[in-house]
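Should a chain be cited, it is by its letter among A, B, C and D, assigned in written order, with residues numbered from 1 in that chain.
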Amino acid sequence: MADAALHSEARLTFRVRYVDCDPMGFMHHSHYLPMFEMGRTELLRQTGISYRELEARDVLFTVTKIALNFKKPAHYDDELELLTRIVRQTHVRIEHAYEIYHAATRQLLCTGESTIACINKKGEVQAIPAFLGGQG
Amino acid sequence: MADAALHSEARLTFRVRYVDCDPMGFMHHSHYLPMFEMGRTELLRQTGISYRELEARDVLFTVTKIALNFKKPAHYDDELELLTRIVRQTHVRIEHAYEIYHAATRQLLCTGESTIACINKKGEVQAIPAFLGGQG
Amino acid sequence: MADAALHSEARLTFRVRYVDCDPMGFMHHSHYLPMFEMGRTELLRQTGISYRELEARDVLFTVTKIALNFKKPAHYDDELELLTRIVRQTHVRIEHAYEIYHAATRQLLCTGESTIACINKKGEVQAIPAFLGGQG
Amino acid sequence: MADAALHSEARLTFRVRYVDCDPMGFMHHSHYLPMFEMGRTELLRQTGISYRELEARDVLFTVTKIALNFKKPAHYDDELELLTRIVRQTHVRIEHAYEIYHAATRQLLCTGESTIACINKKGEVQAIPAFLGGQG
(Lines give C-alpha, C1' and ligand atoms only; values in the text may rest on other atoms or scores of the structure.)
Protein backbone atom coordinates (compact mmCIF):
# COMPACT_ATOMS: atom_id res chain seq x y z
CA MET A 1 0.00 0.00 0.00
CA ALA A 2 0.99 3.64 -0.35
CA ASP A 3 3.39 4.79 2.35
CA ALA A 4 1.13 7.76 3.05
CA ALA A 5 -1.74 5.48 4.06
CA LEU A 6 0.52 3.24 6.13
CA HIS A 7 1.71 6.18 8.16
CA SER A 8 -1.54 8.07 8.43
CA GLU A 9 -3.63 8.13 11.56
CA ALA A 10 -7.21 9.15 12.27
CA ARG A 11 -8.25 11.01 15.41
CA LEU A 12 -11.84 11.05 16.54
CA THR A 13 -13.47 12.22 19.75
CA PHE A 14 -16.54 10.66 21.35
CA ARG A 15 -18.73 11.65 24.25
CA VAL A 16 -19.68 8.56 26.30
CA ARG A 17 -23.45 8.15 26.07
CA TYR A 18 -25.66 7.26 29.04
CA VAL A 19 -27.17 4.39 27.05
CA ASP A 20 -23.70 2.83 26.68
CA CYS A 21 -22.96 2.74 30.43
CA ASP A 22 -23.75 -0.25 32.61
CA PRO A 23 -24.87 -0.57 36.26
CA MET A 24 -21.22 -0.28 37.38
CA GLY A 25 -21.25 3.16 35.75
CA PHE A 26 -18.68 2.04 33.17
CA MET A 27 -19.04 2.24 29.41
CA HIS A 28 -19.80 -1.39 28.53
CA HIS A 29 -16.85 -3.11 26.86
CA SER A 30 -18.86 -4.00 23.74
CA HIS A 31 -19.29 -0.32 22.85
CA TYR A 32 -15.62 0.14 22.03
CA LEU A 33 -16.07 -1.89 18.83
CA PRO A 34 -18.37 0.60 17.05
CA MET A 35 -15.84 3.32 17.97
CA PHE A 36 -13.06 1.31 16.32
CA GLU A 37 -15.28 0.93 13.26
CA MET A 38 -15.78 4.70 13.09
CA GLY A 39 -12.01 5.08 13.33
CA ARG A 40 -11.54 2.85 10.28
CA THR A 41 -14.21 4.83 8.40
CA GLU A 42 -12.49 8.10 9.26
CA LEU A 43 -9.08 6.83 8.21
CA LEU A 44 -10.59 5.80 4.88
CA ARG A 45 -12.29 9.18 4.48
CA GLN A 46 -8.87 10.86 4.90
CA THR A 47 -7.67 8.97 1.82
CA GLY A 48 -10.50 10.64 -0.09
CA ILE A 49 -13.02 7.81 -0.27
CA SER A 50 -16.01 6.92 1.88
CA TYR A 51 -16.96 3.39 2.89
CA ARG A 52 -20.37 4.10 1.42
CA GLU A 53 -18.74 4.64 -1.99
CA LEU A 54 -16.79 1.40 -1.57
CA GLU A 55 -20.04 -0.49 -0.98
CA ALA A 56 -21.46 1.01 -4.19
CA ARG A 57 -18.42 -0.44 -6.03
CA ASP A 58 -18.98 -3.88 -4.41
CA VAL A 59 -15.92 -3.51 -2.18
CA LEU A 60 -16.83 -4.49 1.37
CA PHE A 61 -14.76 -5.29 4.42
CA THR A 62 -15.65 -7.77 7.12
CA VAL A 63 -13.97 -8.11 10.50
CA THR A 64 -12.22 -11.48 10.86
CA LYS A 65 -10.34 -10.92 14.13
CA ILE A 66 -10.54 -8.35 16.89
CA ALA A 67 -8.90 -8.09 20.29
CA LEU A 68 -9.23 -5.53 23.08
CA ASN A 69 -7.30 -4.74 26.25
CA PHE A 70 -9.00 -2.66 28.89
CA LYS A 71 -6.81 -0.65 31.25
CA LYS A 72 -9.20 1.80 32.91
CA PRO A 73 -12.96 2.23 32.60
CA ALA A 74 -14.63 5.11 30.76
CA HIS A 75 -17.59 6.77 32.48
CA TYR A 76 -20.74 8.53 31.37
CA ASP A 77 -20.16 11.90 29.71
CA ASP A 78 -16.38 11.41 29.51
CA GLU A 79 -14.81 12.70 26.34
CA LEU A 80 -12.69 10.02 24.69
CA GLU A 81 -10.12 10.32 21.97
CA LEU A 82 -9.55 7.45 19.56
CA LEU A 83 -6.40 7.00 17.47
CA THR A 84 -6.65 4.56 14.57
CA ARG A 85 -3.85 3.50 12.29
CA ILE A 86 -3.04 0.78 9.78
CA VAL A 87 -0.25 -1.52 10.91
CA ARG A 88 -0.14 -3.98 8.01
CA GLN A 89 -1.80 -4.62 4.67
CA THR A 90 -1.70 -7.83 2.63
CA HIS A 91 -3.36 -8.87 -0.63
CA VAL A 92 -6.83 -9.17 0.94
CA ARG A 93 -6.46 -8.04 4.56
CA ILE A 94 -5.82 -4.84 6.52
CA GLU A 95 -4.71 -4.79 10.15
CA HIS A 96 -5.52 -1.78 12.32
CA ALA A 97 -4.40 -0.73 15.78
CA TYR A 98 -6.43 1.44 18.14
CA GLU A 99 -5.83 3.48 21.28
CA ILE A 100 -8.54 5.17 23.31
CA TYR A 101 -7.59 7.94 25.72
CA HIS A 102 -9.55 9.90 28.28
CA ALA A 103 -9.34 13.29 26.57
CA ALA A 104 -8.97 15.44 29.71
CA THR A 105 -6.48 13.30 31.67
CA ARG A 106 -4.68 11.71 28.68
CA GLN A 107 -4.93 8.34 30.44
CA LEU A 108 -4.89 5.36 28.11
CA LEU A 109 -8.15 3.43 28.66
CA CYS A 110 -8.15 0.76 25.97
CA THR A 111 -6.06 -0.63 23.14
CA GLY A 112 -7.18 -2.88 20.34
CA GLU A 113 -6.22 -4.50 17.10
CA SER A 114 -8.27 -5.98 14.29
CA THR A 115 -8.01 -7.68 10.92
CA ILE A 116 -10.52 -6.95 8.18
CA ALA A 117 -10.82 -8.87 4.91
CA CYS A 118 -11.98 -7.51 1.56
CA ILE A 119 -15.13 -9.26 0.28
CA ASN A 120 -17.84 -8.67 -2.32
CA LYS A 121 -21.60 -8.58 -1.72
CA LYS A 122 -21.81 -12.35 -2.15
CA GLY A 123 -19.38 -12.68 0.77
CA GLU A 124 -16.49 -13.92 -1.38
CA VAL A 125 -12.98 -12.80 -0.49
CA GLN A 126 -11.44 -10.52 -3.15
CA ALA A 127 -8.18 -8.62 -3.62
CA ILE A 128 -8.04 -5.11 -2.17
CA PRO A 129 -8.44 -2.79 -5.20
CA ALA A 130 -5.54 -0.67 -6.46
CA PHE A 131 -7.17 2.64 -5.46
CA LEU A 132 -6.90 1.43 -1.85
CA GLY A 133 -3.24 0.60 -2.25
CA GLY A 134 -3.96 -3.03 -3.14
CA GLN A 135 -3.19 -5.11 -6.18
CA GLY A 136 -6.78 -5.97 -7.20
CA MET B 1 -57.14 -9.30 7.26
CA ALA B 2 -58.09 -12.77 8.39
CA ASP B 3 -59.93 -12.81 11.72
CA ALA B 4 -57.47 -15.40 12.98
CA ALA B 5 -54.54 -13.03 12.58
CA LEU B 6 -56.45 -10.13 14.11
CA HIS B 7 -57.13 -12.13 17.23
CA SER B 8 -53.82 -13.89 17.55
CA GLU B 9 -51.19 -12.90 20.04
CA ALA B 10 -47.51 -13.72 20.42
CA ARG B 11 -45.86 -14.35 23.76
CA LEU B 12 -42.11 -14.10 24.15
CA THR B 13 -39.91 -14.09 27.21
CA PHE B 14 -36.65 -12.17 27.56
CA ARG B 15 -33.93 -12.13 30.16
CA VAL B 16 -32.72 -8.54 30.76
CA ARG B 17 -29.07 -8.37 29.69
CA TYR B 18 -26.39 -6.56 31.69
CA VAL B 19 -25.37 -4.64 28.57
CA ASP B 20 -28.90 -3.20 28.31
CA CYS B 21 -28.94 -1.75 31.85
CA ASP B 22 -27.87 1.80 32.62
CA PRO B 23 -26.11 3.37 35.63
CA MET B 24 -29.48 3.64 37.43
CA GLY B 25 -29.62 -0.16 37.17
CA PHE B 26 -32.66 0.04 34.87
CA MET B 27 -33.00 -1.52 31.44
CA HIS B 28 -32.53 1.52 29.20
CA HIS B 29 -35.81 2.63 27.61
CA SER B 30 -34.42 2.28 24.06
CA HIS B 31 -34.05 -1.49 24.48
CA TYR B 32 -37.79 -2.09 24.58
CA LEU B 33 -37.99 -1.36 20.85
CA PRO B 34 -35.97 -4.40 19.69
CA MET B 35 -38.20 -6.53 21.96
CA PHE B 36 -41.31 -5.16 20.25
CA GLU B 37 -39.70 -5.97 16.89
CA MET B 38 -39.10 -9.56 18.00
CA GLY B 39 -42.76 -9.69 19.06
CA ARG B 40 -43.86 -8.70 15.55
CA THR B 41 -41.50 -11.29 14.04
CA GLU B 42 -42.92 -13.99 16.30
CA LEU B 43 -46.52 -13.07 15.52
CA LEU B 44 -45.68 -13.36 11.83
CA ARG B 45 -43.98 -16.71 12.36
CA GLN B 46 -47.19 -18.01 13.98
CA THR B 47 -48.99 -17.32 10.69
CA GLY B 48 -46.48 -19.64 9.02
CA ILE B 49 -44.15 -17.14 7.37
CA SER B 50 -40.86 -15.64 8.48
CA TYR B 51 -39.87 -12.03 7.97
CA ARG B 52 -36.77 -13.32 6.24
CA GLU B 53 -38.98 -14.99 3.61
CA LEU B 54 -40.92 -11.75 3.20
CA GLU B 55 -37.69 -9.88 2.47
CA ALA B 56 -36.83 -12.48 -0.19
CA ARG B 57 -40.21 -11.68 -1.83
CA ASP B 58 -39.47 -7.92 -1.69
CA VAL B 59 -42.06 -7.36 1.04
CA LEU B 60 -40.54 -5.22 3.78
CA PHE B 61 -42.06 -3.30 6.66
CA THR B 62 -40.79 -0.05 8.08
CA VAL B 63 -41.81 1.53 11.37
CA THR B 64 -43.59 4.86 10.81
CA LYS B 65 -44.81 5.56 14.35
CA ILE B 66 -44.03 4.14 17.75
CA ALA B 67 -44.99 5.18 21.26
CA LEU B 68 -44.07 3.78 24.67
CA ASN B 69 -45.35 4.26 28.21
CA PHE B 70 -43.11 3.20 31.07
CA LYS B 71 -44.79 2.25 34.35
CA LYS B 72 -42.05 0.48 36.31
CA PRO B 73 -38.40 -0.15 35.50
CA ALA B 74 -36.98 -3.55 34.52
CA HIS B 75 -33.70 -4.59 36.16
CA TYR B 76 -30.75 -6.75 35.18
CA ASP B 77 -31.51 -10.47 34.99
CA ASP B 78 -35.29 -9.94 35.31
CA GLU B 79 -37.36 -12.22 33.17
CA LEU B 80 -39.84 -10.25 31.09
CA GLU B 81 -42.86 -11.41 29.18
CA LEU B 82 -43.94 -9.57 26.04
CA LEU B 83 -47.43 -9.81 24.56
CA THR B 84 -47.80 -8.58 20.98
CA ARG B 85 -51.02 -8.32 19.02
CA ILE B 86 -52.34 -6.65 15.89
CA VAL B 87 -54.97 -4.03 16.62
CA ARG B 88 -55.70 -2.77 13.09
CA GLN B 89 -54.71 -3.43 9.50
CA THR B 90 -55.31 -1.16 6.53
CA HIS B 91 -54.32 -1.38 2.86
CA VAL B 92 -50.64 -0.67 3.55
CA ARG B 93 -50.28 -0.42 7.34
CA ILE B 94 -50.44 -2.68 10.39
CA GLU B 95 -50.85 -1.40 13.93
CA HIS B 96 -49.55 -3.44 16.85
CA ALA B 97 -49.97 -3.13 20.60
CA TYR B 98 -47.48 -4.40 23.17
CA GLU B 99 -47.44 -5.14 26.87
CA ILE B 100 -44.34 -6.07 28.85
CA TYR B 101 -44.73 -7.77 32.22
CA HIS B 102 -42.28 -8.73 34.90
CA ALA B 103 -42.65 -12.51 34.60
CA ALA B 104 -42.37 -13.36 38.31
CA THR B 105 -44.53 -10.59 39.80
CA ARG B 106 -46.91 -10.12 36.82
CA GLN B 107 -46.46 -6.37 37.17
CA LEU B 108 -47.03 -4.40 33.97
CA LEU B 109 -43.81 -2.53 33.20
CA CYS B 110 -44.38 -1.00 29.79
CA THR B 111 -47.00 -0.65 27.08
CA GLY B 112 -46.48 0.41 23.50
CA GLU B 113 -48.08 0.79 20.12
CA SER B 114 -46.64 1.08 16.65
CA THR B 115 -47.57 1.48 13.01
CA ILE B 116 -45.57 -0.28 10.30
CA ALA B 117 -45.95 0.34 6.56
CA CYS B 118 -45.37 -2.17 3.76
CA ILE B 119 -42.58 -1.10 1.38
CA ASN B 120 -40.38 -2.66 -1.29
CA LYS B 121 -36.58 -2.66 -1.38
CA LYS B 122 -36.58 0.71 -3.15
CA GLY B 123 -38.42 2.13 -0.15
CA GLU B 124 -41.72 2.63 -2.03
CA VAL B 125 -44.97 2.01 -0.18
CA GLN B 126 -46.88 -1.01 -1.53
CA ALA B 127 -50.10 -2.84 -0.68
CA ILE B 128 -49.86 -5.60 1.91
CA PRO B 129 -49.95 -8.87 -0.09
CA ALA B 130 -52.95 -11.20 0.04
CA PHE B 131 -51.04 -13.98 1.84
CA LEU B 132 -50.69 -11.57 4.76
CA GLY B 133 -54.39 -10.81 4.78
CA GLY B 134 -53.96 -7.73 2.56
CA GLN B 135 -55.35 -6.84 -0.84
CA GLY B 136 -52.04 -6.54 -2.73
CA MET C 1 -39.07 27.31 35.10
CA ALA C 2 -36.96 30.21 33.89
CA ASP C 3 -38.13 31.66 30.57
CA ALA C 4 -34.60 31.32 29.23
CA ALA C 5 -34.65 27.55 29.65
CA LEU C 6 -38.15 27.26 28.18
CA HIS C 7 -37.05 29.01 25.03
CA SER C 8 -33.61 27.50 24.70
CA GLU C 9 -32.79 24.83 22.20
CA ALA C 10 -29.88 22.43 21.80
CA ARG C 11 -28.37 21.54 18.42
CA LEU C 12 -26.28 18.43 18.02
CA THR C 13 -24.94 16.69 14.95
CA PHE C 14 -24.46 12.93 14.59
CA ARG C 15 -22.83 10.78 11.96
CA VAL C 16 -24.92 7.62 11.37
CA ARG C 17 -22.80 4.64 12.41
CA TYR C 18 -22.60 1.41 10.41
CA VAL C 19 -23.47 -0.59 13.52
CA ASP C 20 -26.77 1.32 13.81
CA CYS C 21 -27.96 0.46 10.28
CA ASP C 22 -30.10 -2.56 9.51
CA PRO C 23 -30.29 -4.90 6.50
CA MET C 24 -32.57 -2.40 4.71
CA GLY C 25 -29.66 0.05 4.98
CA PHE C 26 -31.67 2.31 7.29
CA MET C 27 -30.63 3.51 10.72
CA HIS C 28 -32.74 1.27 12.97
CA HIS C 29 -35.61 3.16 14.59
CA SER C 30 -34.45 2.27 18.12
CA HIS C 31 -31.26 4.30 17.68
CA TYR C 32 -33.09 7.63 17.61
CA LEU C 33 -33.76 7.31 21.35
CA PRO C 34 -30.12 7.59 22.48
CA MET C 35 -29.83 10.67 20.23
CA PHE C 36 -32.81 12.26 21.96
CA GLU C 37 -31.16 11.48 25.30
CA MET C 38 -27.97 13.23 24.17
CA GLY C 39 -30.11 16.19 23.14
CA ARG C 40 -31.56 16.44 26.66
CA THR C 41 -28.05 16.17 28.14
CA GLU C 42 -26.81 18.95 25.88
CA LEU C 43 -29.75 21.22 26.69
CA LEU C 44 -28.98 20.72 30.37
CA ARG C 45 -25.28 21.45 29.82
CA GLN C 46 -26.25 24.78 28.22
CA THR C 47 -27.90 25.78 31.51
CA GLY C 48 -24.52 25.22 33.16
CA ILE C 49 -25.02 21.85 34.80
CA SER C 50 -24.18 18.34 33.69
CA TYR C 51 -26.43 15.32 34.19
CA ARG C 52 -23.47 13.67 35.90
CA GLU C 53 -23.51 16.44 38.54
CA LEU C 54 -27.25 15.98 38.97
CA GLU C 55 -26.72 12.27 39.69
CA ALA C 56 -24.14 13.19 42.33
CA ARG C 57 -26.82 15.37 44.00
CA ASP C 58 -29.34 12.47 43.88
CA VAL C 59 -31.39 14.17 41.15
CA LEU C 60 -32.16 11.65 38.42
CA PHE C 61 -34.63 11.68 35.56
CA THR C 62 -36.41 8.67 34.15
CA VAL C 63 -38.33 8.51 30.86
CA THR C 64 -42.04 7.86 31.46
CA LYS C 65 -43.37 8.40 27.91
CA ILE C 66 -41.79 8.67 24.51
CA ALA C 67 -43.23 8.81 21.00
CA LEU C 68 -41.59 8.95 17.59
CA ASN C 69 -42.78 9.68 14.05
CA PHE C 70 -40.59 8.57 11.18
CA LYS C 71 -40.90 10.49 7.91
CA LYS C 72 -37.82 9.44 5.91
CA PRO C 73 -35.06 6.95 6.71
CA ALA C 74 -31.51 7.92 7.66
CA HIS C 75 -28.69 5.99 6.00
CA TYR C 76 -25.15 4.97 6.95
CA ASP C 77 -22.69 7.87 7.14
CA ASP C 78 -25.43 10.52 6.83
CA GLU C 79 -24.89 13.56 8.99
CA LEU C 80 -27.97 14.28 11.09
CA GLU C 81 -28.89 17.36 13.03
CA LEU C 82 -30.98 17.08 16.16
CA LEU C 83 -32.94 19.98 17.67
CA THR C 84 -34.11 19.49 21.25
CA ARG C 85 -36.28 21.87 23.24
CA ILE C 86 -38.39 21.88 26.39
CA VAL C 87 -42.09 22.33 25.69
CA ARG C 88 -43.51 22.12 29.22
CA GLN C 89 -42.33 21.73 32.80
CA THR C 90 -44.49 20.79 35.78
CA HIS C 91 -43.67 20.14 39.44
CA VAL C 92 -41.95 16.81 38.75
CA ARG C 93 -41.97 16.39 34.95
CA ILE C 94 -40.31 17.90 31.89
CA GLU C 95 -41.61 17.45 28.35
CA HIS C 96 -39.21 17.70 25.42
CA ALA C 97 -39.75 17.86 21.66
CA TYR C 98 -37.21 16.68 19.09
CA GLU C 99 -36.63 17.11 15.37
CA ILE C 100 -34.01 15.25 13.38
CA TYR C 101 -32.94 16.62 10.00
CA HIS C 102 -30.69 15.28 7.30
CA ALA C 103 -27.94 17.91 7.60
CA ALA C 104 -27.12 18.23 3.89
CA THR C 105 -30.65 18.23 2.42
CA ARG C 106 -32.47 19.80 5.41
CA GLN C 107 -35.15 17.14 5.06
CA LEU C 108 -37.03 16.37 8.27
CA LEU C 109 -36.51 12.66 9.02
CA CYS C 110 -38.04 12.16 12.45
CA THR C 111 -39.92 14.00 15.19
CA GLY C 112 -40.40 12.93 18.77
CA GLU C 113 -41.66 13.94 22.16
CA SER C 114 -40.98 12.61 25.62
CA THR C 115 -41.83 13.09 29.27
CA ILE C 116 -39.20 12.59 31.96
CA ALA C 117 -39.90 12.50 35.71
CA CYS C 118 -37.55 13.59 38.48
CA ILE C 119 -36.65 10.73 40.85
CA ASN C 120 -34.05 9.96 43.50
CA LYS C 121 -31.70 6.95 43.57
CA LYS C 122 -34.34 4.89 45.36
CA GLY C 123 -36.62 5.48 42.39
CA GLU C 124 -39.02 7.75 44.29
CA VAL C 125 -40.56 10.70 42.46
CA GLN C 126 -39.34 14.05 43.79
CA ALA C 127 -39.89 17.73 42.96
CA ILE C 128 -37.59 19.24 40.36
CA PRO C 129 -35.05 21.31 42.35
CA ALA C 130 -35.05 25.11 42.24
CA PHE C 131 -31.70 25.33 40.42
CA LEU C 132 -33.41 23.57 37.49
CA GLY C 133 -36.29 26.03 37.50
CA GLY C 134 -38.42 23.81 39.73
CA GLN C 135 -39.95 24.34 43.15
CA GLY C 136 -38.12 21.53 44.98
CA MET D 1 -11.28 -23.53 41.93
CA ALA D 2 -13.53 -26.53 42.29
CA ASP D 3 -13.00 -29.14 39.59
CA ALA D 4 -16.73 -29.18 38.92
CA ALA D 5 -16.73 -25.52 37.92
CA LEU D 6 -13.60 -25.92 35.82
CA HIS D 7 -15.20 -28.66 33.80
CA SER D 8 -18.69 -27.23 33.55
CA GLU D 9 -20.05 -25.64 30.43
CA ALA D 10 -23.06 -23.44 29.76
CA ARG D 11 -25.19 -23.76 26.63
CA LEU D 12 -27.44 -20.93 25.53
CA THR D 13 -29.38 -20.37 22.33
CA PHE D 14 -30.04 -16.99 20.75
CA ARG D 15 -32.19 -15.85 17.87
CA VAL D 16 -30.36 -13.20 15.81
CA ARG D 17 -32.33 -9.96 16.06
CA TYR D 18 -33.02 -7.66 13.10
CA VAL D 19 -31.67 -4.71 15.09
CA ASP D 20 -28.30 -6.50 15.42
CA CYS D 21 -27.80 -7.02 11.66
CA ASP D 22 -25.95 -4.54 9.50
CA PRO D 23 -26.41 -3.45 5.85
CA MET D 24 -24.40 -6.50 4.70
CA GLY D 25 -27.13 -8.59 6.35
CA PHE D 26 -24.64 -9.94 8.92
CA MET D 27 -24.99 -9.81 12.67
CA HIS D 28 -22.60 -6.98 13.54
CA HIS D 29 -19.42 -8.26 15.18
CA SER D 30 -19.93 -6.14 18.31
CA HIS D 31 -23.09 -8.06 19.22
CA TYR D 32 -21.19 -11.25 20.02
CA LEU D 33 -19.84 -9.65 23.20
CA PRO D 34 -23.21 -9.37 25.00
CA MET D 35 -23.80 -13.04 24.10
CA PHE D 36 -20.51 -14.00 25.71
CA GLU D 37 -21.54 -12.02 28.79
CA MET D 38 -24.81 -13.94 28.97
CA GLY D 39 -22.81 -17.16 28.70
CA ARG D 40 -20.73 -16.16 31.73
CA THR D 41 -23.92 -15.27 33.64
CA GLU D 42 -25.46 -18.62 32.79
CA LEU D 43 -22.35 -20.54 33.81
CA LEU D 44 -22.44 -18.72 37.14
CA ARG D 45 -26.15 -19.48 37.58
CA GLN D 46 -25.37 -23.19 37.14
CA THR D 47 -23.12 -22.99 40.21
CA GLY D 48 -26.16 -21.76 42.14
CA ILE D 49 -25.48 -18.05 42.34
CA SER D 50 -26.62 -15.13 40.20
CA TYR D 51 -24.44 -12.23 39.17
CA ARG D 52 -27.07 -9.97 40.67
CA GLU D 53 -26.47 -11.59 44.07
CA LEU D 54 -22.72 -11.15 43.62
CA GLU D 55 -23.22 -7.43 43.04
CA ALA D 56 -25.26 -7.23 46.26
CA ARG D 57 -22.23 -8.74 48.09
CA ASP D 58 -19.88 -6.19 46.45
CA VAL D 59 -18.30 -8.83 44.21
CA LEU D 60 -18.12 -7.49 40.67
CA PHE D 61 -16.24 -8.63 37.60
CA THR D 62 -14.84 -6.40 34.90
CA VAL D 63 -13.58 -7.50 31.49
CA THR D 64 -9.85 -6.82 31.12
CA LYS D 65 -9.16 -8.64 27.82
CA ILE D 66 -11.34 -10.06 25.10
CA ALA D 67 -10.56 -11.49 21.67
CA LEU D 68 -12.80 -12.79 18.89
CA ASN D 69 -12.27 -14.79 15.72
CA PHE D 70 -14.97 -14.72 13.08
CA LYS D 71 -15.22 -17.69 10.72
CA LYS D 72 -18.63 -17.30 9.08
CA PRO D 73 -21.27 -14.60 9.43
CA ALA D 74 -24.56 -15.04 11.30
CA HIS D 75 -27.70 -13.73 9.60
CA TYR D 76 -31.02 -12.32 10.75
CA ASP D 77 -33.32 -14.87 12.42
CA ASP D 78 -30.59 -17.55 12.59
CA GLU D 79 -30.63 -19.58 15.75
CA LEU D 80 -27.21 -19.61 17.38
CA GLU D 81 -25.83 -21.83 20.08
CA LEU D 82 -23.21 -20.52 22.48
CA LEU D 83 -20.91 -22.75 24.55
CA THR D 84 -19.12 -21.05 27.42
CA ARG D 85 -16.54 -22.61 29.69
CA ILE D 86 -13.87 -21.59 32.17
CA VAL D 87 -10.36 -22.37 31.02
CA ARG D 88 -8.33 -20.95 33.91
CA GLN D 89 -8.82 -19.27 37.26
CA THR D 90 -6.22 -17.39 39.28
CA HIS D 91 -6.37 -15.45 42.54
CA VAL D 92 -8.29 -12.52 41.00
CA ARG D 93 -8.98 -13.49 37.39
CA ILE D 94 -11.12 -15.95 35.43
CA GLU D 95 -10.51 -16.85 31.80
CA HIS D 96 -13.40 -18.06 29.64
CA ALA D 97 -13.57 -19.57 26.17
CA TYR D 98 -16.56 -19.30 23.84
CA GLU D 99 -17.80 -21.02 20.71
CA ILE D 100 -20.82 -19.91 18.70
CA TYR D 101 -22.44 -22.37 16.31
CA HIS D 102 -25.20 -22.00 13.76
CA ALA D 103 -27.75 -24.25 15.48
CA ALA D 104 -29.23 -25.85 12.35
CA THR D 105 -26.04 -26.50 10.36
CA ARG D 106 -23.64 -26.96 13.34
CA GLN D 107 -21.15 -24.70 11.57
CA LEU D 108 -18.76 -22.90 13.88
CA LEU D 109 -19.25 -19.14 13.34
CA CYS D 110 -17.13 -17.51 16.02
CA THR D 111 -14.73 -18.31 18.83
CA GLY D 112 -13.61 -16.04 21.63
CA GLU D 113 -11.70 -15.82 24.87
CA SER D 114 -11.80 -13.31 27.67
CA THR D 115 -10.27 -12.47 31.03
CA ILE D 116 -12.37 -10.96 33.79
CA ALA D 117 -11.01 -9.54 37.06
CA CYS D 118 -12.76 -9.46 40.42
CA ILE D 119 -13.30 -5.91 41.72
CA ASN D 120 -15.41 -4.15 44.33
CA LYS D 121 -17.80 -1.23 43.76
CA LYS D 122 -14.96 1.26 44.17
CA GLY D 123 -13.23 -0.44 41.23
CA GLU D 124 -10.45 -1.97 43.36
CA VAL D 125 -9.17 -5.43 42.45
CA GLN D 126 -10.01 -8.03 45.12
CA ALA D 127 -9.51 -11.79 45.56
CA ILE D 128 -12.20 -14.05 44.15
CA PRO D 129 -14.25 -15.17 47.19
CA ALA D 130 -14.16 -18.75 48.44
CA PHE D 131 -17.77 -19.51 47.46
CA LEU D 132 -16.68 -18.98 43.85
CA GLY D 133 -13.77 -21.35 44.21
CA GLY D 134 -11.34 -18.56 45.09
CA GLN D 135 -9.18 -17.89 48.11
CA GLY D 136 -10.72 -14.53 49.12
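Some observations on this one:
Heads up, the rule we're going with is that a contact is a pair of C-beta atoms (placed from the backbone, for glycine too) under 8 Å apart; a residue touches a chain by one contact, two chains touch by 3 or more.
Given the structure is predicted, the values throughout are model-derived calculations rather than measurements.
Relative to the C-alpha centre of chain B, the farthest chain centre belongs to A. Between A-B and B-C, more contacting C-beta pairs join the chains of B-C.
Chain C has its Cα centroid 28 Å from the Cα centroid of chain A.
Spacing of chain B relative to chain C, judged by their CA centroids, is 24 angstrom.
Annotation: 33 Å between the Cα-based centres of chain A and chain B. Looking at chain A, residues 18-19, 23-24, 30, 33-34, 37, 76 sit in touch with two or more other chains.
Those residues of chain B whose C-beta lies close enough to touch chain D in the complex are 15, 17-20, 33-34, 37-38, 41, 50-52, 75-77. For chain B in complex with chain A, the residues that touch the partner chain are 18-19, 21-25, 28, 30, 76.
Touching chain C in their complex are the following residues of chain B: 23-24, 26, 29-31, 33-34, 37, 55, 60, 62-70, 73, 121, 123.
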